[in-house]
Every structure is written in structure tokens, then in C-alpha cells.
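Everything below concerns the one structure shown next.
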């Protein structure tokens, strides 16, 4: 195995035995799509050009407030994390960039750039962290950060964000994502209006430090870690923030950050319409912010989100340029495997959305033929696009079956030997 | 019984036997509040000045899609409804106005004014109806109204709203409330973006017809009657609408129109902060838009909403002037009784919110003393303000116990004799 | 068009032009499945043997409490409904039976049997109705039926259910489904314990009237039409009912009758495990009991339910014999089209579940390989089984594309001429 | 300050200045209740006899998966925790017992008994922990404990529970509470049926080790830490467990462990009805298992739960003997203060429920007078019972205002000096 991910020879050998079946499936699908007026190669090209960023923290095993059960070979630092990300990219060819979280990933920027270059990776949005206290910090974020009642605490949080921008500038990032846990656990604990004013003031200070070619993404979330109110609780508040800050400010949509039953694809459509969709944190969820693997619980919902994205792309919506990132917690799987599968699921939703017959759909919508309109979406969704995804991957040097190839590679076993075992933690409750 | 509600003699007699106990309770509470630095009479004055509008449709028995079980003496027309509203007002002295729904309440404006004057009632916001087809209308709203794909259907819906304004002008209303059922039942049925553009275009036409001294209230709702998407689905979209339309446009908050677990008082705070809170449709709910009696399920939530309102009032929030209306479906109670109790519950929440020690609260918030902050709210909430409500009512000529007085009056029995019995309906499902 | 549904010649002609493509898709899929160790013809046989009952009320346009917008050619009575059901069956060959609702479908049993026989239909479970008042009934169900505080009202409801059994016996049904709306809208309105005791007493009386070879299905629902509490609110209560009544009593699962986020497939598994799964009312939902078309919102959830059913079938779970019925409200589509598509979606989920590699799945489960376990399900779910469904349909005399064939047939136009137009209704709220 | 909590002299002094106002409020309320036919002293006696157990882990600051922000004076071990519990008891006189969590609270039983005796505390139910890995354990609970696919892991979990019983026997406990995190994060990861069978087998082994005079409580929870399925997911499954195990097995209800919108008081009623209510973990929540302070979000819901309990008590429901325990996560407050307030809130709900006029309520229920029935509950709920709670407390030697007295005592400052500061943690995500 090369330093940069998985050895090409291993991938080649892996693919060899699978290519015949893949070609037959690709051809059969191509013929079917041809009958539907779709050129399979054009879809494949688009899929091949599609990428989603890996969050650096995603390659470690996640946990809950009750416990964390680490696996073998947990990454020790950002360089281990980058090595793991390179494996994901070498096998899937769909995850060319990594998104860093500061201070977790703090390191000499020159070394970061060097490592990324060597591994064939780029850097996506920077992520600040003011939902935890950092060793050495003077002020605690127990009662908030950017919206804290205390000006010095806010200042510390602002400076941390500006530091993230500085690091990002040094390593070639072009965006800052701000998610805060600020909120309250009790009615009355916080004055909603003042807290939001303080938050906006802090964000204006950060925005002022943003380079011209950067974007800033704010992320809303209904609850957790605050359990009564959250300062940036929903897309309505998030939209106001982006409006207040200015043209470089956009809203980030994490699929798990909404109230039960909310129609997320519609929120996506509204943000596109008003030029404020910044991008996504992809994951899936059944109950709350479960941070499960993308598409693992409700794959049709993921497709419906991409249906909006492809629609916006096709109609050339003004300012439409969303960032794609996975943001998941891998508690019971190998994080590398989960991230590979999830990157594929996101690409799958994109491929399916590309198959929607948009002329037919529009006609059905105009004539209120609800049944045929929805069947038009379903026809695209139920098409098994696996051959397209696999072919795009293989042609770019990736593996026909990334999980199988990963297991064949012995990578996890090898890093488990190199990296010391990590003890399980008790989560936040003790 | 006089034409205008309940005979004053009956009320006087009703109150007589209750006054001694009321006075003792009022005094004991006054003494306790005095110790807390609160003048009970000042609270009583504010409560006495507080009013909530009755929706004309609320005095009839409501139903579900499964069935409707009418009670005795169902009002036959708007004049019967006004008579019932007068009863509510004469007993509670807290419901001085009625909100009409067109075309249900269509009648000669002169007669409407005359009846209202005679009964001592005023007219609150007008309500248009494009969620049902009206006999004689050329176009159906089956697939939408203000956002319909067909321009002629939209035009019809616009004209209906303008007609509502015209009627309102003739009877002294000063606001139009627009709630539509437009949305979709299937993914793909509707293009979210185009539908919203069409909606905004239609609303702009209605807004253009609005007199200078009128306000227009738009109402969001997550779902029902549309079960996949709704055009005005949440406060985020509602806020955009109010922004797009202009300074006379405001957002109406119906307490039952949100996703499960959403923090409604925070939405109220945001709308106040951005000068766009138009008012309320008060009711309570446990599951969806259950339209239960105000305060019957979660009285603390109602209090927390009023906590925001009183806070805004005290700090003199710019443009703060919310309209208050009940909007409930009385399926198993006598509508008049439910409306009287609900008006009282809304006033109760207001009175409790007035008791909050706001200086203490602010200090606790500033110092992040979460426990004492929330206990400050709780101290106000758990105060039994019944003596204040009853005293305010009695002093204005109302009944110490409106429900008991209503039952003593025999009003329901009397109208049941005058108004023909109504057969139960099967709801929408058959 | 023949009396029994759609003319065979029309279907034949419809299929002709589609057969070549269908055969190619079927072959390509067959080859792919063969590689996966699955014989496509065996799957097709199972799909061909699968049926789902049509609810008689489903062929009419549904509505909400706000409005109902009828379409052309609404069925006037049970005989029109049976004719519509025959169309569905002739085109899909997957809906051989009809489920009646009394008193809506009351008619001379001999005529019912004759009509069904002529149309090639059978009768599924009988459905009683005590959530509405029936003309001529002495007592109202406004405050409950089988759990009413008044013994005479309960008796009336019991007798109605017994009458349903009698009608069912006369027409060859073998099951009674009991869904009641009993519950409360206010805390305190009902004593939970006494209401449940009364309900059980009533059900015991009905159970006593059940023939030996019949089953009785009770259906739980969290809320609506009652909005604070419902007597049979969830599967826990439903399970107790089935236990209390005896071996002929089973629980019916309506997919839309659960609290938000609840894991329904797990409830299905539990009921199977304890021998009490009676069957299903299939539909889909996003918010509450939306009664949308099966598989239209979350097709993966429907698949996961069938994954449990196929698992139980394969392992020979004791007493496993669930009844399948659609139960949907078609508010904006042609009911016949929606029912055809929904029957297909249910069969699709079944076909996909049959493709699950259960040996592999079990091995992954035993070794806690969560990722490969879930990918094993996904591999089955994402397989496009349309060729299997279509081939099974065509071979049984149905249409390759039932909706297209239906539109080609002109059936709706024809019945619209025969059946008088129906005026829209205002739902339950006015 | 004495070893056992707060110095009596300090409490006496604290109370002195408050007694006059308290006596006046108590008298005024007594007079009002007398008019309602209620003897205030009888209520006070019942409140005085009411107690709720403190969970040992509750006196430490809690956290989320994102972070934990400890406060000053965090308890270092079970003896520090007992000392803190003694403070709570000395000030509130409503928390006579402590519930231990093993292995967190493992210590020499003789020392535990001695410490408890000295502090005037008893021991409530024992709590086992198989949702975390314990240092020294051979097998990991990453993929489950009592339901694990591996027999040796299950055996280890069983033995841990039996050890908890042994410890409990040594210190005078009489119950074991079993909550497990077992479940799955992915569809297909777990076979629902087999997992439940394994769970039941394990529980039978634990049940077999239960002394004759013990009870075993199983606790259901919809989700978290498992985010797709949970083995003991709801009361339906919990009830089956209690049935399967036998007469010493009961269901524990944690108020935060249900799906959104679920009617919890109804579940409580059903479990009482079938003799299987074991007790409660009290807390409050808005979104999920938020573990907020009891009564802080929805105090009326807590009252409605107690309404069922008092109803069962009054009617002498068979086998009714529920255990009461707080189970909360104090993330932003002083845990001692939160626990004191929460114990008071639970007692408040009990006191309010005692005020319900049950004869009147029953009559309204029988006659379906929904409005008066619910007003009967509301009349009890809105009564400010603070004077009763305070008087009961003071008469037993507690503080009129426990939080104020605690702050006056300087206890937190003192233990902060004795106990070393704890660093904040990152929760489970890093």
C-alpha cells in the first residue's frame, strides 16, 4: 500500500474479476435508459465530476453521551486522519477534499499542505469549535459563545473563528462553517432577542475578517446540546443571519437538524430561490440529529433533496453553488467504510436525480397531474444506477466495490498495529 | 335575556353569591403580590383592557374529516353567530370583536354593522377562503388557489380576497388574514419555487388593493389539508412573504401550525424582533393542528408566548401591535362555553406574564443563573390569578363564573328551540 | 369495455407495443439476479400470487375537514364501487378482493355476491363504522361508541358490529375489522381505565358473535378524530386487546397510525413474534394519518415492513397469516389510478424483500457487521424489480402499464357520463 | 455545617424571616380550600409523607455528546455524592433515599451503609450499567449487552446485574432497575425477534437471582444511544417483558423516553390497570430524552401523570406501589439546586393532584361534560400549593426556600475547596 491510500495494483486486481458483470449491467442499463431518451455516458460524466468533502472528525469512531466504543486503528491526529481520507478517496474517487475542525486538527499549515498534496487531497471548509472548552482558553462556553452575555467570552469566540480563517487561508480553504451550540435549557434562562443580537454582532466581526473570495456558512439546528432553545434554531433564523451579514454569507443545511416531519427539500428550494443555499452536511436520521450514514434510513428523502439541486442546476438558479460535505457519527461501523458507502449514496441520489424527465415533470406539474408527476420522480429513483456509479469510479481509478477492496487491502489491520488502542469513554454523562 | 347577550340582571344575581369569596381571594392575593412588589390593581387594569377576537365560525360545532356531531342550537347564519358572540362578550367582557369568514358570513354590510352595533360588538380581521370551492365559482381550488398553475384560477382567488377587503371596509374591519391550503400531496406534484413565485405575485395584487390603514396577515402552517408540502409552510417562508410585500404585511402565528417539538415562543420573539409579528390564532394542540381550547393541553407554553409579548410591550419593541384571535374547533363542547373559557385562559396567560419580575429575570439572564431565571418565570406562572381575572370581569359587568352563568341563563336551550336541529355530517372522507 | 373491468382486447393491444422492451429488461434483470444466486422466475411466481384488498371507500375521492373536491364519475353506491374495483383488478391482477364498510356499503347480500362473482371479485374483511352517526340510529357516537359511558349506546355499537358479521357471513367474508374513534379532546374528559374496561366488555360481546373460522382485527391509532387521548392508541394497547379477547383476535397495523419517528417495522416484528399480527392497512404519510398513496413518501420504510414479513414467512413463524389491504384517501388523484399504483408499490416492496440474501444477512447480524447487513438490505431494495412486476401482471392478463392502459380505456370518461356530478363539500369544519 | 447536610441552625434562621408570610399564605389558601371542601392540613400530611429518590449520578454535572462543563465541587466518589444528597434531603425533607449506579458507585457495602446511616439516607433501587464498557471487563458492549449475539457477552452482562443485586442486598436496597442501550443504528443490523428473545433469556437469568422481596424494573426508551432500533423501545415491549418474567417484574416509566406527542399519562394508566407500573424516572423534555429538570418544560403534563397516580391510590388499584426517582442531567445548573427544585416540582404535582374534586370529575366524565371535567382538573392545577409544600417542609425541619438556604449555607463553595476542579470533557464525539 502506498502512502497515498490504497495501492493501485490492489484496486486493479479487485476490479478485474468484477468488470465483466459490471459491463453487462452497464450495457443493459444503457439500453434501457436509451429507450427513455437518456444517454448513460452523459450521466456517468456528471457523476464522475461529483465530489463530497470528508469531515476530518468522521474518520474516528463517534459516540453518544452514554458511551463511545472506539475501534482498532483510531487516528491519533490530523495526519492519521488525512491518511484515512486518502484511502476513501483512492477507492471511491468521489471525496477529493477534507474539511478540518479547529482546534482538533491544529497543526503546522505547511505540514498540512504538504501532507494533503502528497495524498492527493484538497481542503474544504474550515470548522470552528466554540461548543467545547479548549485547554488554555480563559473563558468557558458553558453558557454560550458567540451569543454569550459576557463580551470577553464573545471576543474569545470571535477570535477563535478568525484564527480558523487564518489557518484556512494558509492551507487553501475558501470557506468557514460556523455551528454553535449556544442556547438554553430552561425557559427564561436566555433572552431570545438579546442573545440573537449578540450573536449577530459577533458574526459581523467574523464576517469582517473574511477574505473577498471566501464564503461563510452558518448552520441551524433545532436542539442539542441546548434542550429548550437554540440561538440558530431553524432555517428562518439562518436566512435572517445570511441576509444581515451580506453577500458572502450562506445557509448550511444539515439533514438531521430539523424538527420531526419537516419537509427538508422544500427548505432547500426556498434557500436556493433566495440565493442563500451554502451547502450541506449530509447524513441520515430517524429521531433527532442521529448522524447516521447518508441514505441509510430514508434514501428517497436524499433523492428529493438532489431533485431540487439538479432542478436548480438545470435552470441556472442565480448564485447556485452548494458545498457538499458528509457529517456523520460512526458509532458501530468502521468509519472509513461508512464514509465510502455514504459518499456513494450521495452520488447515487445525484445520479438518480439526473435521470428525472424534467420536461415531462414540468408538464405534469402544469396540468396538475399529481400521479404522473410523482411517478416521474419514482421512475428515476427506482432505476438501479449502481452500474453508472461503479463505472465512473473504476474509470477514475477507484474500486468497483470500495468496501470489499478496503477489506482486501488489510488497511485497518495495518493501522491498528501502528496506532495505539484507545480506551472507550463514558460520554458526557459521567 | 336581552337581545345583546345575557341579561344584566341575571349576571348580577349570579355574581352576588360569589362576591364575598372573590373579594377575600382578591385581597389575599393582593397582599401576597404586594409582598412581591406588585400592585394587584394595576394588573387588574391591564387585564381589563385586554381583549381577544372571536372567530365567527367558532360558535358552531366543529368536526373532523371523519365526522361532525352538531349540538343543539347551531347558528344558522352570521346573525345567529353574532348573537352567540354577544353572549360570550356579555359574560366575559374580554371578547369585544368578531372576525368574519367570507363567503360563510356574507351578508348586507349595513345589516352587519347594525347588528354588531346593537350587540355591542366590533369587527376584527376579515378572513378569506380559497381552501374550499364556492358555489357559483367558475374555477376549483382542488389544486390550489393563489399559487395555482392556472392564471384564471389565481385571478379568481385574488378577486375573492379583494372582495373580502371591500366587505371589511364597509363594516369597519382594518385587516385581512390570508390562509390558504395550497400545497401538494405527492413529491413532484408541485414545483416549490414556481408555486411560491405565483403565490407572491397573487399576494402582491391583493396587497395593492389594501387601504393605507389596513394590515394584511399571512398565516403559515406545516401541513393539512396538503400532506406532502404546503406553500406557506413555516415562519421562515411567512417572514419572506411579509418582507416581499411591504410594511403593511405581517405574519400571523397559529399555535397549532408548527412541527412537533418546535419552540413557538422563540418564533414569536424573532418575528417581534424583525417587526413582523401580526398576531395570533390562539388554540392548543397535542399532535397536529388539533384546534383544541386555548391552554387546555399545555398552559405553560401559552404563558411563555405571553412572556414574550409582555417583554416586547415593556421594552417598547418597534411596531409591536399584535392582533389576538381565538381559532379553535369545538367538537365535543358547547362552543360558547369553550370560547368563554378560552378567552379567559388567554387573559390568564397575559396576567401571569405581567407578574414576571423582569428586573430580576434580566439580572439572572445576564449572570447565567439559569435556575433562578426559570424560577422567576415559574413564580409568575404558578400564581393563581383567577381572582384578578374574575374581578376584572365582574367590574366590567361580566360574570364571576361565565360558564355557570351561561348555564343558568338557559340560552342554549332557548336557541335550540329557535334554531332547527342540524344533522351530523360524515366529514370529508365520504 | 366488458362489465368486468377493462376489455381484454384493449389490454392486449396495450401490452403488445411494450412487450419487447419488457422482455429485454426482464432478461437483463434475470441475468443479474442469476449472478446473485436468485431465480427470477421464482420471484415472479411469488409476486403473481400476491394480492392486496381494495377498500370500497377508496374508489371515491377523499377529503379533509377543510374540503373535499370530488372528481368526475364518483361511484354512487357499492355496485359502482365494485365496478371500479373490477377495473383495478383487471389491469393489475393484484387486487382480487374488496373490503366493505357498513353502513356505507349496505345492500342485499345476494346482489352483492352476484355482482362480485360477475366481476371476478371476492370479499375481504368487513369494516364497521361507529365513528359516525347513522341516520335512524337512536344514540349518537359523539362521545364514543364501544367505550361510551352509556350502556345503551355501547349496545347499539355492539349490535352494529354483529350486523357487520352477519352481512359478512352472507357474502363470504371471514374477518371483521374494528376501528373506533373513541377517545377524548380534553384532559379529564375521559377516565382512561374505565373507558378501556368498557371497550373490552363491548369487544367481548362482539367476539362472542364471531364464527369459528373468522378473525377479528382491532386497529390502533394515536390520534384523530380524538385529539387528546384515544382508547386504542398504540400497539401496546392493541396487543392487550388481542390477548384479552382470545385466539381469533389480532392486531391490525395501519402504517399512518403511529407517533412521529416510531419504528413501525419493529412493531410488526413484535406482533409476529407474539402471534398477533392480523394484517395491514397500507398507505404512506409524512406528518400524521395522511393516508397518502402507499410508498409515495418513504418507500424504504414500506420495504422494511415487507422485510419483516418475508422473514417471518421464510422462518415459518407460528400463526403468521397477515391480511393486506390498502387504506388511503385520494384527494387529488383519480382514485382508480392511485389504487392501481399503490397495489403495485406494495407488491414492489414484497418483491424487493424477496431478493434479500437472508443467509448473508443472518451471518452479518451474528457477527455484528452492521455495514454489510444494511448493504444486504439495500442491495435488494435498489434492485429495479419493475420487470418482474410487469411480467407477472401481463402473464395474468393485466396491463404492462396499468395507468396508461386505464387512460387509454376511457373508463373514467364513460362513468362520468353515467354517474351524476357530485358537489364539493366543506369537510367537517362548517 | 454538620456532616449530615446543612446545619439545622442555619435552616432555622433562614426560616425565621419567612414564617410570617408563609403562615399568612397558608391560612389564606386554607380558607379558600375549605370553601372548596378540602382540608389543607390533610393535604399537607400527604405531601409531608411523599418522597422521591435521588439518583447518585444526578449530583454531578451532566453533559452531552458535544461537551460537558463541570462546575465547582464535583463529587469525587459515592461518598461525596451521598454528602450532596444529604444536603438535598436536609433542605427539602422530600428525598430520603439514594439510588446507586454500578460500577460508578462501587464501594465497600459496609462503608456505604455506615455513611448512609450517618447522613440519614436510605438506598433505593440499584441500577446496573451495560451501556458502557467497564475497565477490566473481557467483553465489550459496543454491539449490545443482554441481547448481544455472543453468549459470553450476554453472560458477562447477566453477571453484572446479579452483582448489582448482591450489592443491593448488602446495603438494604429492594429493587433492581435495568436499562440497556441495546439496539441498532442501521436497518438490518439486528434481527428484532432474535435480539428480543436473547434479551428475555438474559432477563430470566437475572430474574432468577432476585430475592423474594425484591422487584425488578425494566425501562423502555424509544432511541438513544441506538438510533434506528432499540430492543426495549416502548411500553408495549416493556409490558411483554414484565408479563414474561413474572410477578416481581414491573415497567419503569421515564418521562423523556417516548416518541414526540405521545400521551404518557395514558401509558401510566394502562400499566396501572394491568398491575405492571413499577415506577418513574422523573424529568422533563421538549425534544427527545432531554433530561431537563422535572416540571420545567410542561408542568401540566407532570400534573396529569400524578392525576393518574392519585386516582389509582384513591380507588385502591391492585398492586399499585410505584417507585419515584428523579433522573435528570444537570448541564447548566448546580446539580444540588436542580435536584431540590425538581423534588419540589414532583411534590407540587402530587399536591395539585390531591386537590382534584374526584367526585365531581367522575360525574362530569359519566355525563360527558368535557368542559367541566377538564376545568375540574385545571382548578386543582392552577391552585398555588406553594404554601402547602413549604409548610410541610418547614415542619419537617427543612427550609422554606431550599435554594436560597443552600446559597446562604456556602456548601458549594466549601466543597469546591475540598474537591479538586474537574476538566471539561469533549463528550462522546471526539
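Chains: A, B, C and D, in written order; residue numbering restarts at 1 for each.
Please note the rule applied: a residue touches a chain if its C-beta (ideal position, glycine included) is under 8 Å from a C-beta of that chain, and two chains touch if they have at least 3 such contacts.
It should be emphasised that the depicted structure is a prediction, and the values quoted were computed from it without experimental measurement.
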More contacts between chains, B-D or B-C: B-C
Chain whose mean Cα position lies farthest from subunit B: A
Averaged-CA centre spacing for the pair subunit D and subunit B, given as whole angstrom: 39
Centre-to-centre distance between subunit B and subunit A (centres being mean Cα positions), rounded to whole Å: 42
Where subunit C touches two or more other chains at once, by residue number: 142-143, 184-187, 189, 222-223, 228, 260-261, 263, 286-287, 293, 296-297, 300, 332-333, 368, 370-371, 374
Partner subunit B, residues of subunit D touching it in the complex: 21, 24-25, 28, 31-32, 35, 260-261, 263, 286-287, 293, 296-301, 332-334, 337-338, 341, 348, 368, 370-372, 374-375, 378, 381-384, 386, 403
Complex interface listing, subunit D residues touching subunit C: 142-143, 149, 184-194, 196-197, 222-223, 228-229, 233-237, 239-240, 258-263, 265-267, 269-270, 272-274, 300, 304, 307-308, 311, 361-362, 364-368, 370-371, 373-374, 376-377
Residue numbers on subunit C that touch subunit B, as the complex places them: 57, 60, 62-69, 104, 131-133, 135, 140-143, 181, 184-187, 189, 222-225, 227-228, 260, 285-288, 290-293, 296-297, 329, 331-333, 423-430
